[in-house]
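Supplied in C-alpha cells, the structure appears directly below.
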Amino acid sequence: MVEQLTARHLRKEYRLRGGETLVAVHDVSFSVSAGDSLAIVGESGSGKTTCARIVAGLEPATSGTVLFDEQEVDAAQARVSARRWRARQVQMVFQDPYSSLDPRQSVNDSVSEVLAAHGLHDRRERAARTADLLDKVGLPERVGRSKPKQLSGGQRQRVAIMKALAVKPRLLILDEAVSALDVSVQAQVINLLSDLRASEKLAFLFISHDLGVVRQVSDRVMVMRHGRVVEEGSTDAVLDAPSDPYTQRLLDAIPRPGWKPVARAV
Amino acid sequence: MTTLALPSVLPRGARERFRSVDPVALVVGAVCALLVLLAVVGPMISGYDSQTGDILHAGEGPSAAHWFGTDALGRDIFTRAAVGARLSLVAPAVCVLIAAAVATVLALVSSWFGGWVDTAITRGLDIVFAFPSLLFALIAIAIFGTGITAPVIALSIAYVPYLARVARVTARRERHAAYITAGTLQGLAPSRVAIRHLLPSMFPVIRTQATIMYGSCLTDLAGISFLGLGVQPPVAEWGSMVNEGRTALLDGHPEEALFPGLLIVVTVVAFNLLAERFALREDRVK
Amino acid sequence: MSVTEIPAPLLEVRDLAVDLPVGKGHRPVITDVSFSLRAGESLGLVGESGSGKSMTVRSALRLLPAGSRVAGSIRWEGEDVYAMSRSRLRSWHASEVGFIHQDPRAHINPLRTIGDFLTEGLRASGVGRRESVEKAEALLERVGITEPRTRMRQYPHELSGGLLQRVMIASVLLVEPKLIIADEPTTALDVTIQESVMAILDDLRRHEGVSLVMITHDLDLAAAVTDRIAVVYAGQLVEEGASGSIHTEGLHPYSVGLLESRPSTTRRQRLRAIPGRPVAAFEAPPGCVFVDRCAHAVDTCREERPSLRPVQRQLVACHRAEDLQAPVVLAAGGAL
Amino acid sequence: MATPTLPAGTVTSTDDRAGGGPPSSGRALLASARRLAPLWRWVLLPLLTMLIASAVVFFALALAPGDPLAQALGSHPTAESRALLEAKYGLDRPLVVQYLSWLSGVLHGDFGTSIVQKASVWSLIAPRISVTLSLVAYAGVLVVVGGLASATLGTMVKPLGPLVTVVSAIGVAVPAYVAASVLSLLFVIQLGWFPALGAGDGLGDRLYHLTLPAIALAIGWGSYLSQVGRAALREESDREHVETARARGLSAGTVFRRHVLRNAAVPIVTVSALAVAALVVGATVVETAFGIDGLGSFFVTAVSNKDYASVEAVSLLLVVLFVLLTTALDAVHTLLDPRLRTPGASR
C-alpha cells in the first residue's frame, strides 16, 4: 500500500548562541495512509510541533525526507505550481484562533482569495463554494460577511478549518487546534472534525498534548519526549495499556475522580 | 464601592475601549481645518501681497488694516504667515511621506526575507541613525547650498530609521502570525501574502509614527529656515519669519516672530494629539 | 439570612453582584453569586471564559479596579471585607490570604532575583536578612525545588513556568495564610507539571489546614482536588455541591453539559457538545442565563431567572432541576 | 534637533518585550545590536559605524558641487594660484588618499585647515567647545531634573496630573527658536532680568548668560522626558507584579521605588541619553538665536560659507558623540535589565 505521507528519519537542529546545538527532533519517522488519523502527543519541548511544521514545509529539516505518495517534496518549493501542489497535499490549522485570520479581511474575502489562487476565477462560483464551505463547518451565512474581530474563538477556528478545506487537501495538520477553546466549544469542534474526516475523506495529523482529545480523533498515536519517539501504536492500545513509563506517567497525570496528584522535585 | 484600585484586572487597552465621543479628535480636526483654511484662503481675504511691502507703514503694530501688523519692510504679517503656511505645512508632509514610503518598503523586505537581508538593512539604518536629523540636513545644505530641497530630501532619509525600526518590529511579529503562515501554506503567492496581508498590518503603527514625525519635521525645517539656511527671503515661511522678526522683537514689536511661532506650536500640538489618538486606536485593534 | 453558627465561616460571599467600569458606563460581570468556605475546606470555582469566576474572588478580596460597583456582602471570619480600613485590608492581604495566578511570570518582577521576590515581604516586616533568606530557602525546598540557594540568585526569565509557579506558591506560604486562592494555577503548564503543582497545593490543604479556592475551567481537575464545587455561568452561580456528587449527579444542564463535553481518555465516543458559545454576564438573556444553550428550556426559563435552591444534595439554579433529575443522572452515568 | 525628533511611541506604551502593544521607540531603536557578541556589540560595531559615517561625510562634501577654493582664490583666479592652493591643501591627491590622511590627522587631533578661515580647524573649534558644553550641560540638567520631577509629581500627586499633561504637551511642541523669542520678550525686553546676547565670562556670569538659552534648549526634550516618564511610570504601576507587591502589604513608597521606578528606568534613561545627544545638535539653533559664539553657531556659519573642513570636523564630532552615547545606552540597558544579559535564555 502506498502511504499518503511518509516522514523518514527527520532531524531538526537549532543553533543556539554560544555555539551549542539543540536537537529538537531526533530521528523521527512516521507515515499516514489515506484517510488515516495519526496523533503526535507530547509536552512542550517534545518536538511534536516541529515535526508538523517540517511536514507542512514551514521549516526545513536538518536531515531526513518528507514524501507525499512516495514523492519527495522540495522544502524550498520555489515554483508556484509546486507550492500549489503541496497546498493540496497538506493544510494546517493552528492553535491560536485569534491570530489565524487576517483581521482586516472578511471571511468571504479570505476564502475567496484562496479559491482564486487555486484557479477558481469565476466570482459566482467562488461565492457558491464559500457558502458551501460555511455550511460544511456549521457556520451561518452571515459569518461570511464578518471580520474576525466580530467572531468568537470557536467561530474563528471553524473559519480556519474551512479555509484549510477550501484547497481540498488530502491531509490536515491540526496543531493543538482545539486546545485554546472553551470546553463546551471544543467539543463542537472535535465533533466537526470527526464528521469532516469521514465526509471529506481526509487524513489527520493531530498534534496535541491532550490525551482525551487524542482518544476521540485519532486511530494511531505516537508519543514524543525530548525530540524522540517513546512509543507508538493504535490509540486504544497505547492509551489502554501503555508500554513506555513516560506514556504511563502522562496518563497518570490526568485529573479524574479519586486522583491523587504526586509531587516530583525539580 | 471599592477604594483599592488595581487596574490590571482588565486587559490592557480595555479601559479606553468604550469611549464614545472624542472631544480631542474634534479639536484636532477643527485646528487642522483652520490651518488649511489659513493656507488656502488666508492670502485672498487679507488683500495684500506677501512679498511687496508698503515702506510707509513698516514696523507697525496690529491694526484693522494689518491684523498682525507689518514687518520691517512694511509687508502684512498675517498675509506672510498665511502664505508661509503653504510651504511650512506641505514641505514636512512631503518629507514624511517619502520617509514613510521608504521605511515601509525596507521594513517589509527586511522582515519578509529575514537573515542577511534583514541584517544588512538594519546595519544600514544604524549608520543613518548615527546622524541626528538636523545635522544630516545641515550637511546636505553644506553640499547643495541653501534652499528647501536639500533639507527636505536629507530629512526624508534621516527619518527613515525611526520609522523603519518601529515598522519592522510590527512586521516581524506579524510575519510569524498564523494567518500569514496559513496564507503561504494555502498556495497564495508570497508576493501577495507580503503585500496584501503583511503590509497592511504595518499601516497603523506607521501612521502613528509618521504623524508624530510630521511635527518634528515641521520644527526641523522651520529651524533650518530660522538659521537662514533654508527658505530664502523674500519668500514667506514660518521659520524665516521668526528669524526676521527677532530685530522687531527687541524693538517691542513681537508680532512677526510670535505669530508664526504660535502657528508652529499649535500645528505640532495638533499633530501630536492626532498621533496619540492613532496610538489608542492601534491598542484597540488588538 | 439565617443565624450562622459559631464559628463564622472563613469566607462568606452573599448575593454578590459586580459591575465593572467600561468607558463612561458600567457593565455587569457578576450578577448572583453566593458561597461560603469553612476553615480547612477547599472549593472549586468552575466555569468557562467570561463566566466571572476570577472576578468573583477578586471581588471577595476587594481587588477590583477603581470605579467598580459591588453589591452584596462579603465577610471574612464574620468581618465585612468592604468595611475594612485601608491598613486592615493591607494587613489582611499581606498575612491571611495568598493569591496564585495563572501566569506567575507576569506576577514576579522580571528585574529582581527570585531571592529578592521571596524575601522582600519578610524584610519589610522587620525580619532580618539571614533569617528571611533561610526561611525562603526552606520554603523552596518545601515546594520541591532542589538547590534553592542557586534558584534564589536567579532571575525569573531563567526559570521555567512550572518552577516559577512553585516559587509563587512558596512566596504565598511565607506568611502562613489561612486561605490560598489559586486562579487557574496550572492552565499554562504541561500535565506532568500540573500534577506536581496540584500535589503541592493538595498537600498544603491536607496537612497544614489551609483553605483553598481553586478557580479552573476543568471540572475533572476541580473534582479531583476540592471538597466542593461551585459552577459559574454568565456571572451567576448555577450549581453548588460536594465535588463527588456534582461530578456524577450534576443537576444543572450546564454542569452536565460541561462534563459531557470533556473528551474522555478512556473511551472513544461522540461528545455531547453544548450548542452555542459561553456568554458573559452582560450578554446573558433576561431569564435563565443558560436558556439559549439548554436543550430542556421551557417558557418559564425564558421569562424568569431561577435562583439557587436546594435540590437533592446540591444547590441548583434551574427551574427544571426536579424534572431533569432522572435523565440527567442517566446521561452523566453514561459519560463515565 | 530643535525639539525631539524621536517617535513618541514611548508616550503611549513602553512595552515591546512580550510583543504586545505598540513598541517603545527607545527599545526598538536599540534592539538591533542585541544579538551580537560583546566585542562586536560594544567595540567593533560602533567603531565601524563611526568609520562609515566619517567616510559618508567626507566623500559627500568632497563631491559637492561648487569649488572649495572659490573664496580663497578671490575673484580673479589663475591656473597657477589654483594649483598652488590645491597643493597647499592637498586637494591634488586622489580622494581616497585625502580621506585617509584626513582620518589619520583626526586621530592625531588635527582636523585639517579651514580654507575659508585660513586657520587650523582645531584652533577654531577648541575655544568654542567649552561654551557649547556648558550650555548643553546646563540644559541637560534642566531636562533631566525638570522632566523627571514633573513626571513623578504628575504621577504621584493626582491633582497635578492634568496640569503636567497640558504643560508637557505644549512644551514638547515648542521649538527652541520660538522659545528663545518668547523668553527674550519676557525676561529681556519686558522684565530686563537677563542679558540679550553672549555667553559671559567666568562661572557665575556664564551661568547667568546661559540661563535663557539653556531653558529654550531644554523645553522640548524636558517635556518629552516628562511625557515618556509618566507613561512609563503609569504603565509599570499597572503591571501584575506591582499588584502582587502591593497585595503583600509593602508600603506604597517601597513599591514605587523598588518595582515601579526601577522598572520604568529603561525608557527614562533612553530618552535622557538621546536628549543629551540631541541637545548638542539643538545648540546650533539656540546659539544662533542668542548670539552665543559656540560650536553650534560656528557650525551654521561654516555651513553657509561652505567651509568644508570645519563642517567635516563638527559633523564627525557630533556623530562620534551620538554613537558613543547610543553604545553607552545599550550597555546601561544591559545593566538595568537582567533579561538582556543572557541572550536567548528567555523564550
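A, B, C and D label the chains in the order they appear, each numbered from 1.
One rule holds for everything that comes next: a residue touches a chain if its C-beta (ideal position, glycine included) is under 8 Å from a C-beta of that chain, and two chains touch if they have at least 3 such contacts.
Model, not experiment: these values are computed from the prediction.
Trainee: If you count the contact pairs for each chain pair, which pair has the most?
Mentor: So the pair of chains linked by the most contacts is B-D.
Trainee: Select the chain at the greatest separation from subunit B, using centres from the mean of Cα atoms.
Mentor: In terms of C-alpha centroids, the chain at the greatest distance from subunit B is C.
Trainee: Can you figure out the chain closest to the middle, judged by Cα centres?
Mentor: B
Trainee: Just curious, how far off is subunit D from subunit C if you go by their C-alpha centres, in Å?
Mentor: The answer is 53 Å.
Trainee: Compute the distance, rounded to whole Å, between the mean C-alpha positions of subunit B and subunit D.
Mentor: Centre-to-centre distance between subunit B and subunit D: 20 Å.
Trainee: Check each residue of subunit D and list the ones that touch at least two other chains.
Mentor: As it turns out, subunit D has residues touching two or more other chains at 239-240, 242-243.
Trainee: Return the residues of subunit B touching two or more other chains; collapse runs of consecutive numbers into ranges.
Mentor: Residues 6-7 of subunit B each touch two or more of the other chains.
Trainee: Note the residues in subunit C that touch 2 or more other chains, in rising order.
Mentor: Residues 63.
Trainee: Which part of subunit B faces subunit D closely enough to touch in the complex?
Mentor: 6-8, 12-13, 122-123, 125-127, 129-135, 138-139, 141-146, 159, 161-163, 165-166, 168-170, 173, 205, 208-209, 212-213, 215-217, 219-220, 222-223, 226-229, 239, 242-243, 245-246, 249-250, 252, 254, 257-258, 261-262, 264-266, 268-269, 272-273, 275-276, 279-280, 282-283, 286
Trainee: Per the contact definition, I'd like the list of subunit A residues that touch subunit B in the complex.
Mentor: For subunit A paired with subunit B, touching residues are 56-58, 80, 83-84, 86-88, 90-92, 94-96, 99-105, 113-114, 117-118, 149, 160, 163-164, 166-167.
Trainee: Under the stated contact criterion, what part of subunit C meets subunit D in this complex?
Mentor: My answer: residues 63, 90-91, 93-95, 99, 101, 103, 106-112, 120-121, 124-125, 155, 157-158, 175.
Trainee: So in the complex, which bits of subunit C are touching subunit A?
Mentor: Residues in contact with subunit A: 48-49, 144-146, 162-163, 166, 190-196, 198-200, 202-203, 217-221, 223-225, 244, 247-248, 257-258, 260-275, 277-278, 293.
Trainee: What part of subunit A is in contact with subunit C in the complex they form?
Mentor: Checking each residue of subunit A against subunit C gives 43-44, 152-155, 182-188, 190-191, 194, 209-213, 215-216, 235-236, 239-240, 249-266.
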